[in-house]
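Here chain A shows up in two complexes: once beside chain B, once beside chain C.
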Partner chain A sequence: MNAMMKNSRVYKILLNILPVISILLFASLWQLASKNGGIIPTPLDVYRRAGRLLVKPVNNISLTGHIWASMKRVLLGLLAGCVVGIPFGLLIGWNQKCCDYLKPLFELVRPIPALAWIPLMTLWFGIGETSKTALIFTGTVMPVVINTYTGVRLIPQINIDVASVFGATEFQTIKEVVIPCSLSAIMAGVKTAMGTAWIIVLAAEMISANSGLGFMIIRGSDVADLPLVIFAMIIIGVIGAVLSWILTFAERKLCPWKVEIN
Partner chain B sequence: MDTDFCRKEIMPMEGRNKLEIKKLSKVFINNDSFEVAIENVSLDVKENEFLVLLGPGACGKSVLLNIVSGLLKPTSGEVYIDEKLSQGVNSQIGFVFQNLGVMPWLSVRDNVAFPDKLHKVPKKKRYERAQKYIDLVGLNGFEKHYPRQLSGGMKQRVGIARAYASIPEILLMDEPFGQLDAQTRYSMQDEILKIWNQNKKTVIFVTNNIEEAVYLGDRIILFSARPMTVKGVYDLNDLKRPRDYTDSRFLDIRKEISNHTDLVIK
Partner chain C sequence: MGNPNKIENEVAALREENKKRKIRTIVRGIISILTFLIFWQLLCTFGIVNDKVLASPIQVINAIFTKIVDPRPDGNILIVNILASFKLAMIGFFLALIAGLPLGLLMGWYRPVDKLLRPIFEMIRPLPPIAWIPIVIVLLGIGTVAKSFIIFFTTFVPIVINSYTGIRETNQVYINYAKTCGYSNWKIFCTVGIPSAMPLAFAGMVIALGNGWGTLIAAEMLASSSGLGYMILMGRNYGRIDTIIAGMLVIGLIGLGLTTTLRKVENRVLKWRLK
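Moving on, here comes the complex of A and B:
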């Protein structure tokens, strides 16, 4: 595409309405595909089901209540994962001794999928909120640690030398060089962790919960309410997209020196 | 008002040694082999002198600078600054790195103010000071730019301004113009002499370019290839500044040095 066309107004308008068009197209294809079968609900069915949610909430919890229930678990678990994972990643990335002692252990624990922890977590924390948050924590802490660690290891020696030559203490080197230099790697880890957190929260809620989007799906499935299932899936998609957009925005604010390849 | 400049007001004692390197050697040991990088190098640097260390690529000049700056420890030998044994990083030393070493996450202004930040100078004060050095290297107008938005020559100016902003008494420059194109290189050479004239410091400048060495140096110390030893010392104090690349005396010195050097194109 030549530059003139790229800058033209028509192109810009097209760029703005293209997402709308693609969604509408998808919805109409869906409508056509589901019309006759009857097993798959039509978009309209889903839309009506969503309307009915306002009148008759699932398990007496409003839609926003369910969203918030899932969101709270995700954010708490993710926060715990970051609070523990970032310092731990910095530690094993920066200090060779700590790396020698702790990394092998970490490498052994890392491949265990978070969901494998469910029985232990239930044993320790019961089936309430704590065990769900703990489960999300185990899933999110891994990518955060690995990304932080890798980010620290990839810092060019020259940047550390610069700090040393100008008289930085070890603490200053970490604060002024190591953290800013590995920040975008850390952010990438947080983004991955966010995705993992959603997978885990859904699974945890489908196993045992009485609120949340995972609960909505499993309730819909139990009573053969497919429109409800699909509506919950759409909500999950939208929230995931919004959260990822927020993180990208935060990364741009935190790392303004980075340019994305477009 | 300017505490930074007051040091230069102290009249240099002619011929006083600012820095002395005594019988310095450096051996690198990897696994079961070892490599002698520097062998028994001794040299003096006079106060406010522009000393050029000239030697073939990878001969160990950078290693020597890293030892002087305190980033590396010598295997044997000592470095004295103001007749005092210098061990580890010395706050009197500013460093312009070969690979630039500008921090990509900091703006030009924050890069230049970086040494002051480490020394906990309040923000306003350190920006004021940074501005002075940004103006000195001709980067005014680019204070808020990030390094990726700058050309190679401009990034190198950031490195120079930062080294100056650390208010060093000794400025180490490790092939600072090595990666620049010829045109930028010439203008940066003039720039660095201009700054040096305005703001006298003891400069140790490393290069592998004979022409650059003769153009810049008060004295040139010529090194051999690895292991690095001193091959000769050339005093250019009688060669008037500003120097002319095509001046016959300039060309004579250049020829003389190139006849004695190991600088070979590999």
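Moving on, here comes the complex of A and C:
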């Protein structure tokens, strides 16, 4: 009975209609929320505000300028995090002595949330680009190191043994076995780091900046321009989704042997 | 087969070796941390770094202890700040748990629920919780409820994703077995689906709690009058570097304590799980 119901055409059509209903539900809920209090702008307001943004940019920087400002910070911080984090993770994952000496120090800093570094970073590097990049670096380096380390530790001993049977030097073993074997774990770390980087860049820009999407949000909030805030949120969501999609794609290209769960 | 005595000796030797390695790891860790602290202290005592830029470890420890009774510079003693942050984190986390866990489980098990709610969830998911702050401030002000809501957004997403993935990965064999025994779909959901989703769901909760604690600090920096995030921001405003570092340490320690406690709970609740 149950199986028959599940295979019937009506049920299948219903399943395909549900996502549409879902979007409509979301839109009507939004409309309702904006009607009742009068504080939340309607979708149309946001659309109009976006149009006005093209004519009169925020702080004389075009929308693409703001996007690029945030993106540049994220990418720079992420790059720094990978350049430092991947070799460090490989080092403490591969060499027991380095692990014994360096991991406790890492564990000491690790539980401090990246955002808690904001006061210290602004004290050290001022409120300019350096402190923002440094902040994103602290946030991204943690997941990259942890994932690289775990990835190296999870390599089956037999893979390494094969390399040594074939007379590989330590460098060759790392290059030919350790890095490829831990690549999917490293990529997962980079993906996590990318998400963290977006959160940090927004926080950093909200606290002090004169460009970027976080700045757009806080400016909108300061002058009670909620359509601007919501528009910036939409842009942030879209970019976040696109970036994670790009990374998933890169992961598939870099480690095609990884079996997708689904 | 070898001589049983010989095997026993080998096992004992291996045990000895393992024990030695463990002790060596601990000794090396202590050496490394001590070297780090002494180096840091020397940097400060000999004035190689300006004391406006870095406080020495002794000053930081001093700051933690004086903060227990001294409300300067932010106007609250340490325990008031800790409790304020802790309360927010817990309210946000439990709200997200109550809403997110059933949602993730139902979405993972029932196709129609998935089709109906996934699109909305996918729209909210890529938004960093901090981006919600202005909207939350407009709707709810800057009080406890508002800040708990920001924690809610942070913790909600990993809880839903993990319980969803967890129940999706339920072993089909168990489901078929339950079906053969004549269980209804709802009963299979309760007795097979939910338990097998629990390990991943708990992993999601641990991630969520860690993230939530981190975001809380930002929420308190943007709008607050107490809490640990507020404390370190005030330390920054008054140029009290010792308070900032002390606050960061306390934040780190409590975060660590929260996730460790949750892991302990996990081990207790999921005792049946195969290791």
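List of remarks:
What we mean here is this: the second predicted complex is superposed on the first by the 232 of 262 C-alpha atoms of A that agree within 3 Å, B and C clash if a C-alpha of one lies under 4 Å from a C-alpha of the other, contacts with A are read in each partner's own complex, and residues count from 1 in each chain.
Basically, a contact is a pair of C-beta atoms (placed from the backbone, for glycine too) under 8 Å apart; a residue touches a chain by one contact, two chains touch by 3 or more.
Everything quoted here is computed from the prediction, not taken from an experiment.
Overlap between chain B and chain C is detected when the two structures are superposed via chain A.
Touch criterion met: A:L226 reaches chain C, while chain B stays clear of it. Set side by side, chain B and chain C differ in how many residues of chain A they touch, and the one touching more is C.
Touch criterion met: A:L18 reaches chain C, while chain B stays clear of it.
Judged by the touch definition given at the top, the superposed model places A:G51 against neither chain B nor chain C. After superposition on chain A, the chain B segment that clashes with chain C is 26-34; the remaining candidates among 26-34, 134-142 or 242-250 show no clashing C-alpha atoms. When the two complexes are laid over each other on chain A, chain A has no residue in contact with both chain B and chain C. For chain A in complex with chain B, the residues that touch the partner chain are 156, 158-159, 161-168, 172, 176-177, 180-181, 183, 255-257, 259. Taken in their complex, chain C has these residues touching chain A: 24-25, 28-33, 36, 53, 111-112, 115-120, 123, 126-135, 137-139, 165, 169, 185, 210, 213-215, 217-218, 221-222, 229, 232-233, 235-236, 239, 241, 244-245, 247-249, 251-253, 255-256. Of all residues in chain A, those touching chain C in their complex are 2, 14-16, 18-19, 21-23, 25-26, 37, 39-40, 97, 100-105, 108-120, 122-124, 195, 198-199, 202-203, 206-207, 214, 217-218, 220-221, 226, 229-230, 232-233, 236-238, 240-241, 244, 261.
Put simply, chain B touches chain A in their complex at residues 69-71, 89, 91, 93-95, 97, 99-101, 103-106, 114-115, 117-119, 146-148, 162, 166.
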